[in-house]
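Here chain A shows up in two complexes: once beside chain B, once beside chain C.
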Partner chain A sequence: MSADRAADEPADAPDEVDPTVEMADQAGLDEPDLDRGIVEAWAAKMISNPDRAYRATFYVATIFFLVTTLFPFYWLFVIAVTPRNALSTTGVLTPGGTPRVDVDLPLIDAALSVPVGIGEINLASFAQIFTTLPFHRYIFNSFLIATVATVAVLLVGSLAGYVFGRLRFRGRNAMLLLVLVTSFFPPAAFFIPLNRLFNTNVDVLRPLISAGSLYNTPYAIFIPLSAIFLPLSIFILMTFYSQIPDGLEDAARVEGTTRIGALFRVIVPLSAPGVATAGVLTFISVYNEYFFSSLMTDGQPGNWAPMLEGILRFQGEFEVLYNLMAAASIVAVLPVAILVVVAQEKIVSGLTTGAVKE
Partner chain B sequence: MSTDTRADEGGSLLARPLDWLETQSEEVYAYVLLAPAFLLLAVVAFYPLIETFRFSLLADAVASADPFGEFVGFDNYVALLTGDTNFTQQFVSISTTDSFPFVGFDAPFLQQALFVTLAFAILSVLFETLIGFGQALVLDQDFYGRRWVRVSIIIPWAIPIVIQGMIFFLLFNPTIGFGTEFMQWLGVFGDNPLSSSTDSFLIVLVADIWKTTAFMALLILAGLQSIDRGLYDVAKVSGASPWQRFRYITLPLVAPALLVAMLFRTMDAMRIYGLIDSTAGCETVPSLTCLVIIALQESRRWATASAVAFLTAVVISAFVLVYLLALRNSDGGVA
Partner chain C sequence: MASVTLEGITKRYEDVTAVDDMTLEIEDGEFVTFVGPSGCGKSTTMETIAGLTLPTEGTIEIGGRDVTDLPPKDRGISMVFQNIALFPHMDVYDNISFGLRLRKYDQEEVDRRVEEAADIVQLEGMMDRMPKEMSGGQRQRVAIARAIVRNPDAFLMDEPLANLDAELRVHMRTQLQRLHRELDTTIIYVTHDQAQAMTMSDRIAVINGGVLQQVAPPLECYNEPANRFVAGFIGSPAMNFIEGEVVDDGFESQYTRIDFDPAAHGVTPGQEVTVGIRPEDVFLERDSRKAASPTKAFDAVVDVIEPMGKEVNAYLLFDRDVEASAEGRGEGQLLINLAPDTEIGEDDDVRIVMDRENVHLFDRASGNAITHSLE
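Showing the complex of A and B:
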């Protein structure tokens, strides 16, 4: 897609630029002597040359979107570096405790307190989150659950994606529809029986899990989440696997590899971008999930409670640790933020194939 | 040789099933490979769904060890829909001093929850579509730094729900956030927005729009980029204004992608739980999923909770059907 765009663009560009220059010149020649203010001149230009107005709208919109999406993160940082006793004076742009001066606004009857100078910047909260609570353990739990779920989804999804993408068999469409339908249902519709199931003591599990039930183990979170995010990965992998030419698979088979061998030695390596896409999306989804993550453990770090319980702890158990909540949020958001920066193409293509297929 | 069969390396334990697999028809092979996926889906989705439905037909047994009583047919649904089900005094006493769940204070909770969920789904999808379209149009341009603008638009989509909740919890916390002060200055919010249903609903709505608009934007962008650029050149030559080009070329051609994106978002918005739980709390803004958890945890009414959960699934299916019909009409090429 983007290759097409790039090819088209140079051809378009001169067309757009030339009329602009001509128009501007004309406007300048026709009305040279009119005495106009800045605003009026600007408005006149916009009317004589609509393309310019659209361009201006574009810049305004871009800046607006950038500010609205990024500002909350900046503000979270502001809270995190505010010393605890100054939290109530946190400003819109500056940490609490910043010296301020009230300035009366002219036309409207209001005063605006303008920050002057820099107050105390308290970076200690980024260390305190690990000493107040074992927040690193929560993060580790989340990482472990997300990684295991991703591996499980890729393995199971690869097999299923290969079948749906490359094989013809009876009941294919019906089975694909069945996979699709599961993603329609809300997790709440699965939760009650699962909760019961995971709380039952199974004696067989006793040697493996001390309590004998799956509640308070990572299994209770990653098994449901693997299944819930499996359909999306199946669709993504299906699309990628179906694009590998049959000849390559046949060649591998002639060389003497097994059917499974052909899948994992030829199809999967050749579809590496697709596998990466499905992997990144699954990892982010599992790491970000709330419903099962918050309900399948009792919130103790030793019982494999994920990161979200850690953050909520700062809200609940202790009094007002707002700055620690903000610091913990920033720390927990960094892994996914980095993943987005590194793998944005994969995320975009994954989300769009997942949707277009359906 | 590198193309040795795996059977040679894997020992007899792995070799036997693989050998067996080699001799089977393609159809059997397909079913064998699908088995793990369907096993997982069966344990986590199909079986629980059926069980949820079965539970919902049983009576609540709040006091006994087994939370389910005898078979009562559709009584739970009837009680829920007619408003006879009484949850523990949860969210009557706390909030609703204002008029937000317009169905009234003593209205049945299901109606409140249904209203909140539907209002949330419709409003959030509406705003996300409009803003997402704007973002998609921006990203569709070629400009310096486009990659970084795209990253910053996607980032809210990728952050954990609990952190999204935390940001808006802090933003509208009366002591530290400036959000409350600002909204009070506008005359919209009361004293403590996070414990008032109306104000909290708005906060949750804004938080959701902030996070998930990016998803809409990306799907719409995919639709935009599949449009043949030649159409715009033809329109330009015929003297169509940018607005006309948008109205008569972009909008109709992007409509199928738009509907698919809206379908996804609606399904997702109807499941809202985590955002509410981490900001205002389920008692203040009761959504359907919240109701399931409240019935389960606060009052141990497992059967009623199952009925609510199944009703949620039914409501979502109804929405999906509406969208699928719309898609079929718009010739979206959906199978």
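Showing the complex of A and C:
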């Protein structure tokens, strides 16, 4: 080490030391008797060892985000397990009906009610949501609509993404802009014309749909939602497809595929992370969508009303079953949560395939 | 196995003509190399044969069948690409069998053919490797196996060795020649490396600026180049060119004079011509007996010497006042090949002769060859 230094550095600076250590040393020399407070000592430690500060900041930030994102779920869970008659006494952190004791605070004239013990935990609401209403049917409806929309968006988005990402033609940028412009409109702007359109009886549809109109069918939800979420997927897929080398597509075509065959056999599998991203985003957006979902059906489960309608159905004329709504919300989140976990593994595996033995 | 015929192929992009009216007949089983500098249109020509781009004009026949409007998959060709283009998400077996599976061959047939192809390029026991786990040479062999497994009418190879290191490239070059001998299939090969073109081909098609310059066996291109471009492109180190004029009894330039009878070679006094002479056809005056028919000697100064082992390359200047050009060999500079034991030093004054038998004459305006020997 010292030999290296001597070789690397000019001879007049052989005693140079780490500047932070030097600073600390000097501070120690100048103020030998200073009795530092806790905060000051902590600050000095952070300055001399900034990695600790960064790590501390990381944990603070992570915990902050975890709390803000996970607390609503906890809150939902607390409400869901609260018995119906105890809903009014639900605390911030405790289910309603938890026995409490008032503790007088000294000096100020106030009392704090502290929870002691555990009250009645009512897990039955997770079963009641299926018995009170066919909530599983609502979830199935939503799941089906979101799945069909995702498949449709990925299919059309792949074709469009291929064209925009891999072909050069006149008017490409103008058309791309047009696609982008469609996503500028607020979805509400489409609602009235679409609602009238879907309520019109179209005779050619009669053999397919009993009423002859799209209202109260899953098509009424997934068609507009697919169209609204399509531009985003086109942009994601376009970016990924444009990065696949031309040689691979040429090779596939020479080997015996058409352009479309090359797209689905070579380009799409190699863009798996992009396809997964676009698919997950579309699925979640359609599954969670409120506006069209609540207006394009009459809310009957048999008429393909989505999950959202199911949750709102627990709100009756005379009472609101908050505990059931909370339980239904938690149950409704599960399919999406599972999907994201599965897709995330796919995304990660897609990124790291073959990279290990490089 | 099939012949390939190009008839008036032209490819125009908006305002650039990449390939200009190319007509070429490639016989069954022939190994033809398209060679030319980057951007000369050789790859575009190959892509039109493969069907990856459609020609603006002209027709393409493979095995007597007009394929101009057929998609690549129906042309009976297979292709090896410069960037190898193995499908990264498939293992070796899937890569090789990709085309067969698309054509719905039954499993036994696929297995048999894949094994056969893998055997030819010596890939046994690597069937379940992924492309990323293989070396460059192995990947190239997989690409070749993928090309031969379908038994195509013709192979197209687009600079298949360009991405390999030098040693492997020479090795693969001989492998490809052996492969051609074994399969006896038409091979169309694209390269910018004239050494590969010279060593492997039955015929070379030299392309420049989208125009076919000469189609001939390698040695003919070397010994009887059709024009100045071919003369300069084929052969390494490249031919020397001396700009000058035909006079009553020969050729004269600023520094040189070659005596010959203009009438006997179809030139007229006053015509502006370029003399081309290959480095190995220039000799020191003291070795002039090596030349079949030496010209008169003229003076030069040695500028730089490059000993190559089996020979010595010497860059000469005709005059001490000539400034060596930074870009290639300029006017007044000459490169000569000497025997390795030649005693010569930089800055020496030397006298040199050319071998009249191998002096090429080109018309300066058109670049076309006038004669390949002044004998």
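As a working rule, the second predicted complex is superposed on the first by the 266 of 358 C-alpha atoms of A that agree within 3 Å, B and C clash if a C-alpha of one lies under 4 Å from a C-alpha of the other, contacts with A are read in each partner's own complex, and residues count from 1 in each chain.
FYI, contacts are C-beta pairs under 8 Å (C-beta built on N, C-alpha and C of every residue); 3 or more make two chains touch, one makes a residue touch a chain.
This structure is a prediction, so every number in the text was calculated from the model and none was measured.
Student: Under the stated touch criterion, which partner chain does A:228 make contact with: chain B (first), chain C (second), both, or neither?
Tutor: So A:228 only meets chain B here.
Student: Report for A:56: first if it touches chain B alone, second if chain C alone, otherwise both or neither.
Tutor: The answer is neither, since A:56 touches no partner chain.
Student: Under the stated touch criterion, which partner chain does A:112 make contact with: chain B (first), chain C (second), both, or neither?
Tutor: A:112 contacts neither chain B nor chain C.
Student: Is A:247 in contact with chain B, with chain C, with both, or with neither (first, second, both, neither)?
Tutor: second
Student: Chain B or chain C: which reaches more residues on chain A?
Tutor: Partner touching more chain A residues in the overlay: B.
Student: For A:257 in the superposed arrangement: first (chain B), second (chain C), both or neither?
Tutor: A:257 contacts both chain B and chain C.
Student: Please work out whether A:338 is in contact with chain B alone, chain C alone, both, or neither, and reply first, second, both or neither.
Tutor: neither
Student: Could you tell me which stretches of chain A are touched by chain B in one complex and by chain C in the other?
Tutor: In the superposed arrangement, which is not itself an observed complex, chain A uses residues 252, 255-258, 261, 355, 358 for both chain B and chain C.
Student: Along chain C, where are the residues that touch chain A in the complex?
Tutor: Its residues touching chain A are 47, 50-52, 71-73, 77-79, 81-89, 98-99, 102-103, 130-133, 146, 150, 156.
Student: Applying the document's contact rule, which stretches of chain A touch chain C when the two form their complex?
Tutor: Residues of chain A touching chain C: 245, 247-248, 250-258, 261, 266, 269-270, 353-355, 357-358.
Student: Show me the residue ranges of chain A that touch chain B in the complex, using the header's touch definition.
Tutor: Of all residues in chain A, those touching chain B are 1-2, 4-6, 8-9, 12, 15, 50-51, 54, 58, 61-62, 65-66, 68-70, 72-73, 75-76, 79, 87-88, 90-92, 96, 155-157, 159-160, 162-163, 167-170, 172-173, 175, 178-179, 182-195, 197, 223-224, 226-228, 230, 234, 252, 255-261, 265, 284, 287-291, 294-295, 307-308, 311-312, 315, 320, 322, 325-326, 329, 332-333, 336-337, 339-341, 344, 347-348, 351-352, 355-356, 358.
Student: Sort out for me which residues of chain B touch chain A in the complex.
Tutor: Chain B reaches chain A through residues 3-7, 18, 21-22, 26-27, 29-31, 33-34, 36-38, 40-41, 43-49, 51-52, 55, 134-135, 137-138, 141-143, 147, 149-156, 158-163, 166-167, 169-171, 173, 175-178, 210, 214-215, 218-219, 221-222, 225-226, 229, 233, 236, 241-242, 257, 260-261, 264, 267, 270-271, 273-275, 277-278, 288-289, 292-293, 296, 302, 305-306, 308-310, 312-313, 316-317, 320, 334-335.
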